[in-house]
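Each of the next two complexes has subunit A plus one more chain, namely subunit B in the first and subunit C in the second.
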Partner chain A sequence: MDKLISIYWFAILTIVAVAVVYMVAVFYSQPYDVREVEVNLLVNKVADCLSRGGELSSDLFYEGNFNVGYKDNFLETCGITFNTERDWIELQYYFLVEFFNIDLSDTGFFLEEGSLNLISSCDIQDEGKYERLAECVEKRFYAVSDGKQYLIKILGIVRKTEKNVN
Partner chain B sequence: MSIKNNKRGQVADTITWIVATIILIVVLMVFVFIANLLAKTKKIGGLTDSLDSGGEKEADRVEVKTILAYRLNGLNKFTINNWINESET
Partner chain C sequence: MIRRGDLIRKKRGEILPETILFIILNLAFITILILFVAKQSGEGILIEQSYAKQISLLIDAVEPNTEVFIDMTDASEIDSVWWEDNYDSSITVDGNIITAKFREKGGYSYSFFNKVVPVFDITSEGELRMVVRNG
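Then we have the complex of A and B:
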């Protein structure tokens, strides 16, 4: 009789232990979504590269106009890399920098890097249907250069859904 | 007569154990179900890399650039602020 009770209690303990381990595993196996932090870092990095102390970088201009050649090596100049810790087929980052005059007219000059396919994710995200497609952040600031006033808009997008969302 | 009474007592004992086991398993299943409900992706909030601009309001890192630019050229502040705040709406 004692033997039977011992076996029974061992079985109960095993069931409870398995249940506890399962609950802990399920709860803590969920990923952390750090994309909002990541995209803010990207936007801040781009902004820091473009403007220091309220002034736009002199490299942005050539003979009084925007330097179109600045786009070519922008990532290298600013020390930004789109390499990821995991191999994705497409780039997982995107940013767009637009420059406006003080009268809100577009200067026509912009800086763009990354995967263009991510832009549509922001529009869909606004509708609230698919909140986990990509993380989009837009920041705006003001800067001056040679007495002229400029408005700068930076849109940053990070996808990496497979790593951050379950 | 005495054997019959003993049999009844043993059945009652066994039923107690079975009911207790069933209750235990049901309670465990409820906890597992609750754990599954609570388990979800944990979103880490935005970067709060900010500077204290005089104690009134914490300024965003990018916002600081605007503040510094105002010191160089403070014209059209109303237009600029409206344009910047558009993105927050």
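Then we have the complex of A and C:
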């Protein structure tokens, strides 16, 4: 009977129970963080919109030069919407597409949509304590148009922190 | 005169109930902990969040006119009474926002960025058929 009423045994059981409850509560209160997948999908979507089979869309050019007017309706053309499920103050998405010549010289043409404020998150997101910031991904690929090669860099950012990180 | 057999019987009689009770109480404690963990892992909010995000990401990933099947049997088991009456509206779309709701006081929403229109067909067994149409 000593074992049953032992204050030490009761203390051990209590500590174990509290530890398990705490760990389970912490583990299951964390939301699933899908931003990395989401930002990769966004970058792929933009890339697919610009280039199919390694050839840049003809809509990007006008009389041999980049079509500046293409920027105005880019989201509509690509079938992208930045509406989100909560009334955040700022947009939760951003992407920047830069076009370079094959010798890496800048063509001066770029496409940009979303919240510019999110860019600052990318510089410091590698440090673990900043995981609450936006998720950034940069991808690059080569494509041709009229026999001329281009390097295209796409920076994609998704924030949605409140829905993905506690 | 006390015989040896009596001593053994007496000794067994003292120790056995105590040990059994001790083991039973410990097993009960472990069982309660396991049930608690199992209950937490099967909570509706987690499953709603999981399906809302999965479906949103699928919509972003697939080409228009793609047909997707998802097994949501676990969702149908959260609140079976509610599910029987409302399974066809357990996944809804409002613009580009997906909402998964598998219980009376539940619901979790997540948005997708593709400008498409997903169409859902859900069976009472929890099988979801989704077709993504051009927006």
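A few comments on the model shown:
What we mean here is this: the second predicted complex is superposed on the first by the 135 of 166 C-alpha atoms of A that agree within 3 Å, B and C clash if a C-alpha of one lies under 4 Å from a C-alpha of the other, contacts with A are read in each partner's own complex, and residues count from 1 in each chain.
Quick note on the criterion: contacts are C-beta pairs under 8 Å (C-beta built on N, C-alpha and C of every residue); 3 or more make two chains touch, one makes a residue touch a chain.
None of the values given here were measured: they were computed from a predicted structure.
Once the two complexes are laid over each other on the shared chain, residue contacts for A:34 go to subunit B and to subunit C alike.
Shared-chain residue A:79: touches subunit C; no touch with subunit B. In the superposed pair of complexes, A:93 makes contact with subunit C only, with no contact to subunit B.
Set side by side, subunit B and subunit C differ in how many residues of subunit A they touch, and the one touching more is B.
In the superposed model, A:105 makes contact with neither subunit B nor subunit C. Looking at the shared chain after the overlay, A:147 reaches subunit B, while subunit C stays out of its contact range. In the superposition on chain A, A:163 makes contact with subunit C only, not with subunit B. Of the two partner chains placed by the overlay, only subunit B lies in contact with A:19; subunit C stays clear of it. By the touch criterion stated above, A:42 is placed in contact with subunit C alone, subunit B being left untouched. On subunit A, the patch touched by subunit B and the patch touched by subunit C overlap at residues 16, 31-32, 34, 37, 41. Remark: subunit B residues 17, 21, 24-25, 28, 31-32, 35-36, 38-47, 49, 60-63, 65-73, 75-76, 79-80, 83-84, 86-87 touch subunit A in the complex.
Those residues of subunit A whose C-beta lies close enough to touch subunit B in the complex are 8, 12, 15-16, 19, 22-23, 26-27, 29-34, 36-37, 40-41, 43-44, 47-48, 51, 53-55, 100, 102, 104, 137-144, 147, 149, 151, 153-154, 164-166. Those residues of subunit A lying in contact with subunit C across their complex are 1, 3-4, 13, 16-17, 20-21, 24-25, 28, 31-32, 34, 37-38, 41-42, 45, 79-85, 93, 163. Per the touch definition, subunit C reaches subunit A in the complex via residues 18, 21-22, 25, 29, 33, 36-37, 40-41, 43, 46, 49-50, 53, 57, 60-61, 95-97, 109-111, 113-116, 134-135.
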